[in-house]
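Naming follows writing order (A, B, C, D, E and F), and every chain is counted from residue 1.
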Amino acid sequence: MQERKISRFPVPDLAAMPEDIRARIVAVQEKSGFVPNVFLVLAHRPDEFRAFFAYHDALMDKPGNLTKAEREMIVVATSALNQCQYCVVAHGAILRIRAKNPLIADQVATNYRKADITERQKTMIDFAITVSQHAQTVGEADFDRLKAHGFDEEDIWDIAAISAFFGLSNRVANVSGMMPNPEFYTLGRLPRQK
Amino acid sequence: MQERKISRFPVPDLAAMPEDIRARIVAVQEKSGFVPNVFLVLAHRPDEFRAFFAYHDALMDKPGNLTKAEREMIVVATSALNQCQYCVVAHGAILRIRAKNPLIADQVATNYRKADITERQKTMIDFAITVSQHAQTVGEADFDRLKAHGFDEEDIWDIAAISAFFGLSNRVANVSGMMPNPEFYTLGRLPRQK
Amino acid sequence: MQERKISRFPVPDLAAMPEDIRARIVAVQEKSGFVPNVFLVLAHRPDEFRAFFAYHDALMDKPGNLTKAEREMIVVATSALNQCQYCVVAHGAILRIRAKNPLIADQVATNYRKADITERQKTMIDFAITVSQHAQTVGEADFDRLKAHGFDEEDIWDIAAISAFFGLSNRVANVSGMMPNPEFYTLGRLPRQK
Amino acid sequence: MQERKISRFPVPDLAAMPEDIRARIVAVQEKSGFVPNVFLVLAHRPDEFRAFFAYHDALMDKPGNLTKAEREMIVVATSALNQCQYCVVAHGAILRIRAKNPLIADQVATNYRKADITERQKTMIDFAITVSQHAQTVGEADFDRLKAHGFDEEDIWDIAAISAFFGLSNRVANVSGMMPNPEFYTLGRLPRQK
Amino acid sequence: MQERKISRFPVPDLAAMPEDIRARIVAVQEKSGFVPNVFLVLAHRPDEFRAFFAYHDALMDKPGNLTKAEREMIVVATSALNQCQYCVVAHGAILRIRAKNPLIADQVATNYRKADITERQKTMIDFAITVSQHAQTVGEADFDRLKAHGFDEEDIWDIAAISAFFGLSNRVANVSGMMPNPEFYTLGRLPRQK
Amino acid sequence: MQERKISRFPVPDLAAMPEDIRARIVAVQEKSGFVPNVFLVLAHRPDEFRAFFAYHDALMDKPGNLTKAEREMIVVATSALNQCQYCVVAHGAILRIRAKNPLIADQVATNYRKADITERQKTMIDFAITVSQHAQTVGEADFDRLKAHGFDEEDIWDIAAISAFFGLSNRVANVSGMMPNPEFYTLGRLPRQK
């Protein structure tokens, strides 16, 4: 069904890519069983590819108080408001897997206020959305609200930076017409799934 | 998992419902294998239940040029912007089934402009969203744009009325805290499904 | 003066209407002295006509803690923000009559915060507007604010449902180009009027 | 009924006002039969009173291609979007009188696109609203659209200046809690009225 | 460099202006060393010129609790949101001079919440922006917040009136294409400057 | 004057920074004569520092059809709408220098539509703002408009990516309270400056 182009920009052949980029793509394929399209679409711009994934890893793979599932909640909630198909579908799948909850991604994407998540997590998403939509208003009151739920200053940087980084990602995906791989739509939807 | 209440308002026992309402609920259960929560939540208000489903059927089951899948596209796209969890999840399932396309609902919900649908369908959704978000601006130019894609005046009433009716539904669902049944999340996601 | 069409869609002859619809129209004419255009415009779609007025009556004629004038305040305030000429003019007339106050409708339509109504009524309208404009944000704090003014859960459903139903009505009126009858503009403007 | 204060700020006694201000108020009372509250509310600030009415007269009483009714349409349409009760009610009355049309003010206030006015007048109001709501975007295309309807550069300055001046007026009225006189609500509503 | 027209409307010769207007322009030139373009652009409309500057002086030169620098902060912050090039650049210069602070204008223009000003001044600007962007919502809570910082009712009128007046000014400048004089860009940028 | 903290987060000592980060900071200081605060603020997070500047350089230092001044226009215009003080002030300085025009930055920051730039550059900024504010709507018509001004697909990626990257930067700066160095306010304001 999905014969549509995954990007309006040229997608290079794996063979033609710089070695470090090809290596990363091969590694992700071995781990996931398929190559998420964001790797192929960004390979069109090797320097941006490298900076993008370096930034991604610095935020999503670093240690910290936010769980991996919570980081994905931020991505899904802000990307849904930015109407980014790639990020909602792909990170929705990752959220289902990280949270071991087949329903959570659709709930967070449509209206996180009604999702089966904690008040602390809703407050985290409230702030991520403030950063995404009107960061100029962020002030001491926002920090206080988060601290009342146990977040510290470094956690708050993390929430803001994840929201900001995926805001970049949402814009690049929307302009390039990046399409999510069909695999993402069903990943993690069955309770037993890894 | 889903032990959460399906409504913040009381949900009557099936046995305590008026006969006509109970009959409709029994019928839908026999057909679908489960009772969509909207029937149970609205049974709290029998007169509104009757009017709601009469309106629903008048728009969604009537003959006309819009396919059943197209009507569901309108529901999913406008409900997503209204951030209505129940309508996006439940009608997303129906859309997948009607369109026999496991990917379409998530695409239309996140950004219909990038969905694998026709230009005609995108124009239809453009108008449905205009009606949903600023109907006061609708004018001759909107009608002309739709007619250029083959819609006639009656089709345009249908698009507008479906958008308007689900706007009502979205608001009632959001205020009542109506939760989608877990079944809806996976329905129609496998290509083979009916 | 008013030779303008009352709808861009066909308006059926009274003689050609289904019996139940004609009967309702004859009844309203006998009671009011004229036929409000909404009856004629919706008669173009008999099933939607029946559902629409069943819904209307279920919300506006039911017993409950909201006075009839208060229900009309909700209609006028939300319809004004939706820029619905028919609903503001027609329900403005009904509001003047129900409240026995010739000034109230124009006040509520332009800026209810400055209208000669109670703080409780302003809080009711605040909520009706929240439902009308961003129902996705409704939460416990909204319920608490209303309860502090003596509204109970059922009253809150009523406010929300009236706001949601007239949101539908506003959209259908704006798309169909429904024009208010000239009679409505002056009804209830003289203190003595019934 | 209207025992409510007409301003949250002190309203000076006529006897205590500077001579020129008192004279203007006496003159308007003789002409209209009552003193519009804007004169009394602004008398609290004599210098601003003088500048305000000098500006008002420079725009509303000057010769030019815009009819007096058209100038009032601009006031009513922009003031309605600014939710200014005083300006909508008071200038609505003046519009009914100037246009000798008892229905026009409510139509223009709720949705000028559906009002019984010409396409040229709708284009004029479109521009007045652009100036009122996002003047920063005004460009050559706006001027061209107006010129296609016969407006010249000086007319366009007039439209913009009236919109801008009543934007000021709307803000002062909303902050001061300026209430319209009861007389305005009914003025010009009967076809025969002057 | 600046050979661009300072207005899209005709700018009269000094010799052709009414005597009082020429006199004011000569006086400002003697005091400032150049003629700010707003004087030349508005001279196209002598009556509006007189009313405009009478209003300006009534608000900006009157005695009162707001310092001259604070009044300019209101102008710069609201004009920046209205995207008015003339007002931000010209009043930015005046603000730097009044506050004897070369950095303050750019800070207030881009994000006053992060500017080196007091909490009291931020609260003042918050309110000025509320008046500028949605004066219809102003209520007792706004007055209370200002009073908690020592502003009295007359100060609040001043803040609102300055915001409202420059809203008018912003709109006229944007429609007329009024360009700031090159002199304004650098005035007050060196700490030593008067 | 500027004794205010440049970040609400800890700023590490130069001596305590990783070698590569210290080297970059020393290099920029030697070239510019001061260390722009963004380097010090981001040094709090070394991995994010590295990814941020790698991304920055990939977009701002790469060859391509956009001039360096044009890239800075994109930064200034989008950062102004995001109300980012650091980016408007710092990149405003760079824009003045790159364009050798002491007035351009304030013009682009307040209202680029009135700035002394080409129609082609205004179209470029229109698109950058679309990407910044509602990238989800980007479609073929946007690409066509840019191509009509001579931009090719790769240029369009560049515009979008710069807008997206500085959207990230704006958010991080607003949340961290990043303050611009005083040097930036005056750089490039005198025509003769390098």
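Keep this in mind: contacts are C-beta pairs under 8 Å (C-beta built on N, C-alpha and C of every residue); 3 or more make two chains touch, one makes a residue touch a chain.
Note that the structure is predicted; figures quoted are calculated from it, not measured.
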{"item": "Chain C to chain F, fewest steps along touching chains", "value": "2"}
{"item": "Chain whose Cα centroid lies at the greatest distance from that of chain D", "value": "A"}
{"item": "Length of the line joining the C-alpha centres of chain B and chain F, rounded to whole Å", "value": "44"}
{"item": "For chain A paired with chain B, centre-to-centre distance based on mean C-alpha positions, whole Å", "value": "28"}
{"item": "Per-residue multi-chain contacts in chain F, two or more chains", "value": "83-84, 111, 136, 174"}
{"item": "Overall pattern in which the protein chains touch one another (line/ring/star/complete/other)", "value": "other"}
{"item": "Those chain pairs that satisfy the touch definition", "value": "A-B, A-C, A-E, A-F, B-C, B-D, B-F, C-D, C-E, D-E, D-F, E-F"}
{"item": "Chain D-touching residues of chain F, taken from the complex the two chains share", "value": "111, 113"}
{"item": "Interface residues, chain B side, partner chain C - complex", "value": "8-9, 45, 47-48, 50-52, 54-55, 57-59, 62, 82-84, 131-132, 135-136, 138, 153, 156-157, 160-161, 163-165, 167-168, 170-172, 174-176"}
{"item": "Chain F residues touching chain B - in the complex, by the definition given at the top", "value": "136-137, 139"}
{"item": "List of chain F residues in touch with chain E within their complex", "value": "1-2, 4, 80, 83-85, 88-89, 92, 101-103, 106-107, 109-111, 114-116, 174, 177, 179, 182, 185-186, 189-191"}
